[in-house]
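Look at the two complexes coming up: chain A is in both, with chain B in one and chain C in the other.
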Partner chain A sequence: MKNLAALTRRELLSVYVSPLAAGTAAMFLFLIGLMFTVRFMLTRLVDVATLIDPFGYILPVLLAPVLTMRLLSEERRLGTLEMLLTAPVSDLEVVLSKFLGVMAFYASLMGLTAVHVGVMRFCYDGGIDWGTFVTGYLGMLLIAGLFLSFGLFVSAFFETPILAALTSFIGGLAVLTTHFASAPPPVVRPGLSQQIFTFLMPFQHFKGFLNGSLDTRDLSYFVFTTAFFLFLTTRVLESRKWK
Partner chain B sequence: MIEAEKLTKRFGDYTAIDELTFRVSAGEVVGFLGVNGAGKTTTMRILSCFHPATSGKASVAGFDCYKQPDEVRRNIGYLPENVPLYPELRVREYLAFRARIKGIARARVGGEVERVARSCKVEDRLRQTIGTLSRGYRQRVGLADAIIGPPKIMIMDEPTSGLDPIQRAEVRELLLELGKEHTVLLSTHILSEVESTCSRVIIIHNGRIVPDEHVAKLRSVRRYLASIAGPKDNVLGALRQLASVQDVKILPAQGNEESSGEPAHAVFELDPRDGRDPRADLTELLAGKKDAGWQLLELRRKVLSLDEVFARATQEEA
Partner chain C sequence: MEVNAPPEGRAPGQGTRPVSTAVKLFRLIGSFCCFGIMVNLFVSMARDSFFDEYALVPGIAMATALALAIFVCREEFLETIRSPRFKVMVNGLVQGAIALVILMALLYAFGYRFYTRFDFTTDKLNRLAGESLKTLELLREAPEGIEAVFIQGEDPAAADPDREKVLGPNGYRARVETILKEYETEAGAVAPGKFRYSVINLLKNPQDADALGKRMGVRTFTSDALEGVVFLSGDKSKLITEADMHGVGFARGVNRKAEFQAERVFTAAMRTLLKPKRKTVAIVQGQGEAPPDDTKQIADLLRRENVDAREIALGAEKLPEDLSAVVIAGPKQAFAPEAIEQLRGHLKRGGSLVLFADPVLPKLPGQAGEPCGLAPLLAEYGIVLRQDYAARGFKPSTLGESIVIPQVPGFPPTGSKSALLVTLAMHKQAMIFTLPCVLQSDQPKQDGYRTEALLVSPPYQSREMMCWADPVTAEKQRTQAEGDSIKGPLTLAMASSIPDPGDQARAEHKGARILVLASSSAALDKTLINYPGNALFLLAALRWAAGEDELVSEIPPRDPQVRVAKLEDGAGRVLSVILVLGLPALAVFLGLIIATSRRN
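So, the complex of A and B:
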């Protein structure tokens, strides 16, 4: 893992100079700013949900494909993957560095929304439940991590970034529509298969964070699913070594 | 330093390389020669541990390419075909990154980047973004990357492809310089390059190596070129009668005979029988035909160039 720092630094260098990332950041800040302004003017609710509730669902689905589409597909297309994988680095290091790089970028975007939190603090004299903000932001990062790792995994299959983006976008959209379609549970007493199905849906595990609750089941769900996709991505890279 | 034993790589039904066996000793500069699709890149990718062979064994610097890929990678500088680089990085950033992942200690990275940039003559471009570099400079950045360390062995896939003649000459000079201290395996399909830089040549065709003895035999082939003025068909017939001549063919005219002021003539290529020298017979023949107006304008012995050896070797195999 000694190369992880150098590899991640390289990822960050590439992310921060890319016009695509700047565009994504602009889109992110515009959407979240617009939503916050409207919601806060209408409700005056000083709450983490005011900031991220509906968009908490949509942002990762929208942004993760754009942020991850180039990560491996571009390396494949340019041939730099060959350069990278013939250097003394492990496949896992390469995958982790890409994930950490894009995660750090996403976290820095999230960090910029602190402005809105500042506005809420400025407009409201009463006590603020900071705990919900901490869990809310944590939830946003966790769900972003899942979608980013999925996007990275998809990107490992394609040489054309746009195809990777499209595929992971459709994947995200499928999860999103399933979530909304199954919003009121169709069965009053869910059977085992329904329970499993509900458990696998990412957004089920996201809601709690907005209410300020920190459930280890939700936490471990995100950690495991993210790790699962990173593992799969590593396997895809390794597949070139299968005889 | 590099040993390949019965290396075979199949992609599905397609056999890219078929039981390649060769070795490269320390300090050698070896040229890997073959037409496009002969299997050069596949072989180099196996040696650089990018993908494994289907069967057979390869070892580099004493380490097995399949079982000890990390050790192998630590000992080689690999330059893939077309020099893939990150276009958005500056040259210095890129070289520093490569130095870090190749295990150069943080404190030494700056010095190492300066060193490789100097030897590859890119020190004045360190601040430039790679995407804006010319092809020649990109190639040099790739070479600079390959000699970070410095590695014991350099494996370079077509290091001069896509360059103009001047850039090619520069890269060739660089390779000669590197060859003094490193073991180099380079692939190319430009033959003059191999002749000027490599101490040895491995010709590969359709995934197989053309045996050294065969190449040596081809290189020992002699031809004699005679420009003779006289009735073309009669001369041809007479030459074919000579005891020391196996075969004769008329080379196509160069098209500048009239302007050169030479009498009408043809150039005959004599293929000697059993390596004999046909020049004595030829002189005798022409002396007898002097009255008929036959005249020898030029006679020279020709050794097959690597180009011709290569063309013959690959055509025969095909």
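So, the complex of A and C:
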């Protein structure tokens, strides 16, 4: 645990003080500001969907590759990964620290949208349904966690960060495209394989969070699939010892 | 075979073995084929079809290419599978597959076995009411369970953008699906697999709609615009239209507030389906009424409402005591006194009567030759059946005489606070009749009864459109109202019943329900019955008469508060600049400070 805390601190420092962090934050704020402004000005609806709905789908697909591309591939390219793996820390601790560091950064990016929520609160006199905001933000963090863990997994394969980012982006885009292409199911009764396929698509599990409900089925989906990719990442690191 | 030079900075024999170009090429082709097969498998899963040409052709092509590559490059293939990297890959794949199986098992366990849902909304809009949960418990005893099919017609947002605006950002369809999903989930906890739901788009999948119609025992759905949810249980079914889900919210634009009562009507529908005994409605034959082929449409509607429909010959057969309603469609001869006495007894027992009447026009082919003789019986319940026939026309233009149209529209009376739930279901739709007669109200002789006009024609106006009724004794067709004509608005549908004291008493309703429509054309004409207003009215009328309109009053409507911000344009522009440009610029500025301080 002590190792994990130390490694996470190291990751956080390296993420926060890099120019990439500022660039990512600027890109994030610009995109979310643009989409929020357009939507809010048109509908004037004080709702979590006004802020999150379009970005719930797009943001993790865009940002996760950028944030995760360097995590393991850069270490591998510079040769520091060998040093890290030979240090008295487990592979799991290395992977978890990387994941927690990038998640913390993503959460702080999400925290910046408090300004947008503040704008909605400022423009509306009545009471706001804060419950939907809580679940909406939780959903955003969970879906981001899934895409970040996938990005980390991809990053473990490559020595070139750009290749890792590209592969991760294509994977995310495929999921996004499949989601839009396959909804709604135009059949009387979806077959078993279609049900399994729909169940495995992450965005299907995101909808409920926007309505203010927290479903253990959706929660367990995100937690376990994220854990699944983190486990695979650990195995990829460990596979260097199998040769 | 050409062998690559060892990588730069690496001595031969150190690190990985050099790989030939042929092996690299083989690996590339093999990887591409494997990737293609995998993508094909996923696409087939999404389409739920593994054996049609779209799945088989690319799949077989990829597999053949892979087999061909292996056959042509046998040595490279053997070299590849003997390489340590391949062993690592296989090892990784096996571990990944095991992890995937464990993942699926965990998801299944936590998703379906130990399922819980928390509602964080202020109004608690995401949980089923206690009454609904109690109803789902009835599924334990129902061997066939319940299947819900959400039928989607035209896009409601396109049809009425205002309504979608009122319903909020998630729209009506998303909310219906959310509720159905909740039923499915909650039913999974008490009676696993006994509640399922699916979606049919009438425009995209008409064949699926036909298949569903066959299952329900009806020929087809009445209209593409008729959107709703069908609940099926064995051979029983019940349709809840979109109109049923919205309560009074959209009646004739008087009150635009949505009252989304889908859960209430869904639960009521399920209770009806889970009831052991069905209600029965008799369709009368023998007095020149429409033949069974024509009344089949009415029987279909009733069957869709989980009501048994049977033909009966009044006078010759005894009316069963537990009969819910009697339907008389377009009688053309007078009823025998015994038949009228049978009907009187049926109404005294609390049974219902639906009469699709027509004016007496002996000179016109296919029209009634004599009065049906039901007027005195109806008068006891406050409904006066007149024989005058209504027409609609347009004022003479400069080009010639006025045009008379035999079809008359009927609208729910504006501002009516009807408790009958018949016309409310029609929303803004009008009914269309061909040659209707005219109804009037009188003081009911039976205690406690009250009459209510359900549909009225447009008024008689001095300019352009006119609506009036002429006596059957008129010598020739008139082009405008004359001295003995009745000027519009004319009453074209009327109901008489004992008013309900409240929702609680509705289920134990006592007394007869009588509904008279001024023309049988709306129920019998194969074209007119598909007109949306006619379809909705008939459905609601038959449902009301059969006593299938009970609501579960304890379930509140689900209407999330729509919160709309007040923002002036000037303030909006300032906020836009701050949010779109100001905040990102601040982030860049902070980044520059950090970079500078690190350099220093």
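In this section, the second predicted complex is superposed on the first by the 241 of 243 C-alpha atoms of A that agree within 3 Å, B and C clash if a C-alpha of one lies under 4 Å from a C-alpha of the other, contacts with A are read in each partner's own complex, and residues count from 1 in each chain.
Operating definition for what follows: a residue touches a chain if its C-beta (ideal position, glycine included) is under 8 Å from a C-beta of that chain, and two chains touch if they have at least 3 such contacts.
All of these numbers come straight from a predicted model, not from anything done at the bench.
In the superposed model, A:G111 lies in contact with neither chain B nor chain C. Of the two partner chains placed by superposition, chain B and chain C are both touched by A:V17. Within the superposed three-chain model, A:T86 lies in touch with chain B and out of touch with chain C [touch as defined at top]. More residues of chain A are touched by C (comparison of chain B with chain C).
Shared interface residues of chain A (contacting chain B in one complex, chain C in the other): 17, 243. Only residues 16-17, 19, 21-23, 25-27, 29-30, 33-34, 36-37, 40-41, 43-47, 49-50, 53, 112, 115-116, 119-120, 123-132, 134-135, 178, 181-182, 184-191, 193-194, 196-197, 199, 207-208, 210-217, 220-221, 224-225, 228, 231-232, 235-236, 239, 242-243 of chain A touch chain C when the two sit together in their complex. Looking at the complex, you find that chain A touches chain B at residues 3, 6-7, 9-10, 13-14, 17-18, 78-83, 85-90, 240-241, 243. By the touch criterion stated above, chain B contacts chain A in their complex at residues 45, 48-54, 70, 73-74, 76, 78, 80-82, 84-89, 93, 97-98, 100-103, 145.
Contact residues on chain C toward chain A in their complex (touch as defined above): 42, 44-48, 50, 84-85, 87-88, 91-92, 95-96, 99-100, 103, 106-107, 110-112, 114-123, 125-127, 149, 168-170, 174, 178, 185, 196, 198-201, 204-205, 208, 211-212, 560-567, 572, 575-576, 579-581, 583-585, 587-588, 590-592, 594-595, 598.
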